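Two complexes come next, and they have one chain in common, chain A, joined by chain B in the first and chain C in the second.
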Partner chain A sequence: MKCRVCREPAVIDLRRHNANFCAEHFLRHCCQQVERVIHDYKMFSPEDRLLVAVSGGKDSLAVWDILHELGYAVDGLYVGLGIERYSGESLSYVSDFVDRRGLNLTIVDLGDTYGFDVPGAAEATGRVPCSACGLSKRHVFDSAAVDGKYDAVVTGHNLDDEAAVLYGNVMRWQVDYLGRQRPLLEARDGFPRKAKPLVRLTERETAAYCVLRGIDYQVEECPMAIGNKHLGFKETLNLLEDRSPGSKAEFYFGYLKRAVDRFSDAEDRGRLGICSGCGAPTDAEVCAFCRLVSRSAGATQPVAFKARNEATVSKR
Partner chain B sequence: MKCRVCREPAVIDLRRHNANFCAEHFLRHCCQQVERVIHDYKMFSPEDRLLVAVSGGKDSLAVWDILHELGYAVDGLYVGLGIERYSGESLSYVSDFVDRRGLNLTIVDLGDTYGFDVPGAAEATGRVPCSACGLSKRHVFDSAAVDGKYDAVVTGHNLDDEAAVLYGNVMRWQVDYLGRQRPLLEARDGFPRKAKPLVRLTERETAAYCVLRGIDYQVEECPMAIGNKHLGFKETLNLLEDRSPGSKAEFYFGYLKRAVDRFSDAEDRGRLGICSGCGAPTDAEVCAFCRLVSRSAGATQPVAFKARNEATVSKR
Partner chain C sequence: MFVVKVLLQYPSREIEISGPMSVTKLLRKLDLNRESVLVIGSGTLIPADSVLADDAEIEIRPVISGG
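Right after this comes the complex of A and B.
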């Protein structure tokens, strides 16, 4: 197995590209895929200030590392979710990453700042944990980006993530979500611009990227996500991909090329007002996050590693 | 387990409908589902003359039986494909069905009429057998319906078939096919009207219908279709359905309700001319079927039961 570029021994085979790479050219391949996405979707320019949503997993650390290497100005934002051992560990990976590179990281702990955590909110509201978690993270990232005057929020969604979300939306024909499923969402109505530069890399590729770059990341899946539908959709797509390499990319990029524009009018774009609680854009009197906060107030569970979450690390 | 309607012991449970039925009320349920589809999609009226494409499998015999019971005037057309033992057996089920009911059946044997059969054509052209078979059947059904001045061609496509075809078209975003995937296609450009009245019944339901009605049908899958992608898509959808009953119907009917119209402009509807060989509508000088015939001429394989295929049975 030889590297497609230099013919030296390869360390990874990418069946979808029908190519093998040595470590050096695989890392270059990852950076090129990200540059191509940034260019194709006009995501941002080197003058922009970016805020990456970082979790301690392979994807968010990889996207931060790649953008930093490419010379973009990227700060990080970590949200402490209060999920037992899991949250404490995830923060330790992020802290290690920023310490080595001297990057700026802001930490918002849901418990300290809003008086609830994800397990508590799920229990108090009867929502599934992933729903309360997603809502909270979106709110914190959006407000931090707007308040900090960042030009875009960057997330580490990879090809597997995006294909699985698309798959779920297609299986139920949720046309309002389908119209919004793009690698770049422009700022509008008080929401920041949002960019997903990793959509041309699979999770196997972002994991390999981290390993080869010596980036330690949290391997464990979130214990609260186990059994959710999203992971089931990923499994199904992986079966199709095994049988026919490239079918996942064909599904996702075929959608972007030939179908997404057909759904762009499906989104409910009624005028948004301003939340009377927090000032965030919302179509209700009080936004969904503030309603979650008021229903979950005081609902926190004891967290190991809590001490790590209390400080706001901020360096460059 | 009791019948939803009469509370007598049930013979079948339909998880998707969260209902059980006795034999009598299950058969009525099947007829009602077909009537609903005919009504919702304005498929045809009792004055129309219908031609059902019949294979000897559960679906085509069920649709013929149901439409006959509902009082529609339906003749049958069987195409002899020349697939070894399989074709001979399939014809014997059809013959038995029409003999008992005194229905009109026309038989067109590809070998006798066009000098080739499906295995021979696949070998001569390098096409997969399902492709040569589908092309041939479409051509024979379409011309017979137009020549016989039928108001519509009826096929036995069930919910599993339609969901699997939709799934395949979505996984590759074949937008031209997506725009045409409806239970009713109007006549146009020399093609007959085409109707699929079984789209609200699964293949488990059409099989149970035949069993309860005492209709013998060919159970065996076509030996040439084994391993094709369509069957793989059916498996995947069955896994999703097992986990979450109703998801197959949600996928297919959600598409018809919220998405199909978004693809209706995607079809290539350039003006069609007339095939210089057979007079069928085509966008080329010679239609795809005539090209298949000329490349496959003389390509037939010895067929068991051949004698059964030679006669044209026509009764009422």
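Right after this comes the complex of A and C.
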């Protein structure tokens, strides 16, 4: 197997590109794919301040590393979820990453700041853990980006993530979600701009990027996520990909090119109000996160406003 | 005949495979989708067409995450 660029021995084959790459040119390929997404979707410019949502996994560390290498100003935000041993380990990978590069990291621990953790919230509310986790992370990232006047929140969603979400939404014809599934969501109604620069890279590519860059990341799957629907969708799509390389990219990018605009009208664009608890944008009197906090902590009124303004926020 | 040590991650377990065997054939034998894993040895990636050496110790690392 020879590298497509230099004809030296290759270390990875990318069948959907019908190409093999050596380490040097694979890393360059990853950066080029990210640059292309940033350019095509006009995500942000080198003058912008970016906040990356970082978990200690391969995707968030890869996107932070690539953007840092490309010269963007990126700070990180880590949310402590309180998931047994898993959360402590994930923070150690993030800490090691920022220490080696001298980057800025803010840590918000759900337990210290809001009085609950993801396992507790799942039990108290009867929601699946991934639901409580996603809701909490979105709230904390949105709040931090708005409060910190960042120009965009960056997440490490990759091609597999986006194809799996699209697959799930199509299977159930969730038309209100389909209209929002884009690599870039503009800021609106108090929500920050959100960008996904990794959508042209598969999970295998982001993991390979980390291995070749010497980035130590948390390989272990979150114990709360094992067996969830999202993983099942990914496995299904990878069966198709194995038989027909390029299927995931054709599915997702074909949707963006030919179909997403057809669902724009289905997206709920109703005017949002302000949460009476925390001040976040919401279509209810109290936002979903404050309701989660209230139910999880057993409180009788929203406590997030106080918690948010007296947050236990660590700056490294 | 030689033996290749294979560390499979999550759940972590070690197996031994009789060689010689290419990476592609190894993944097929273990019923693993090549889109879902990386094969790693000596800190770098091992390409699909490689034939594993008789003293090889490799890691097969899953790349799918559910977040």
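Heads up, the rule we're going with is that the second predicted complex is superposed on the first by the 297 of 316 C-alpha atoms of A that agree within 3 Å, B and C clash if a C-alpha of one lies under 4 Å from a C-alpha of the other, contacts with A are read in each partner's own complex, and residues count from 1 in each chain.
Here, a residue touches a chain if its C-beta (ideal position, glycine included) is under 8 Å from a C-beta of that chain, and two chains touch if they have at least 3 such contacts.
Remember, predicted model here, so these are calculated numbers, not experimental data.
Engineer: State whether A:A10 touches chain B only (first), chain C only (second), both chains, or neither.
Structural biologist: A:A10 sits against chain C, while chain B stays out of touch.
Engineer: Among the partners chain B and chain C, which is in contact with a greater number of residues of chain A?
Structural biologist: Higher number of touched chain A residues: C.
Engineer: Applying the touch criterion given at the start, work out whether A:I66 contacts chain B, chain C, both or neither, answering first, second, both or neither.
Structural biologist: neither
Engineer: Regarding the shared-chain residue A:G254, is it in contact with chain B (first), chain C (second), both, or neither?
Structural biologist: In the superposition, A:G254 contacts chain B only.
Engineer: For A:L239, is the partner it touches chain B (first), chain C (second), both, or none of the two (neither)?
Structural biologist: Both partners, chain B and chain C.
Engineer: Classify the contacts of A:R262 with the two partner chains as first (chain B alone), second (chain C alone), both, or neither.
Structural biologist: It touches chain B, and chain C stays clear.
Engineer: Output check: A:V170 vs chain B and chain C. Expected answer is one of first, second, both, neither. What do you get?
Structural biologist: The first partner, chain B, only.
Engineer: Residue by residue on chain A, keep only those touching chain B in one complex and chain C in the other, then list them.
Structural biologist: Shared contact residues on chain A (touching chain B in one complex, chain C in the other): 239.
Engineer: Taking the touch rule as given, give the residues of chain B at its contact with chain A in the complex, in rising order.
Structural biologist: Interface residues on chain B, with respect to chain A: 170-173, 175, 232, 236, 239-240, 243, 247, 250-251, 254-255, 257-259, 262-263, 266.
Engineer: Flag every residue of chain C that touches chain A in the complex, lowest number first.
Structural biologist: Where chain C meets chain A, its residues are 9-10, 33-38, 40, 43-49, 61-67.
Engineer: Can you tell me which positions in chain A touch chain C when the two form their complex?
Structural biologist: These residues of chain A touch chain C: 1, 9-13, 20, 23, 55, 57-59, 130, 160-161, 202-204, 206-208, 211-212, 214, 219-222, 225-226, 228, 230-231, 234-235, 238-239, 241-242.
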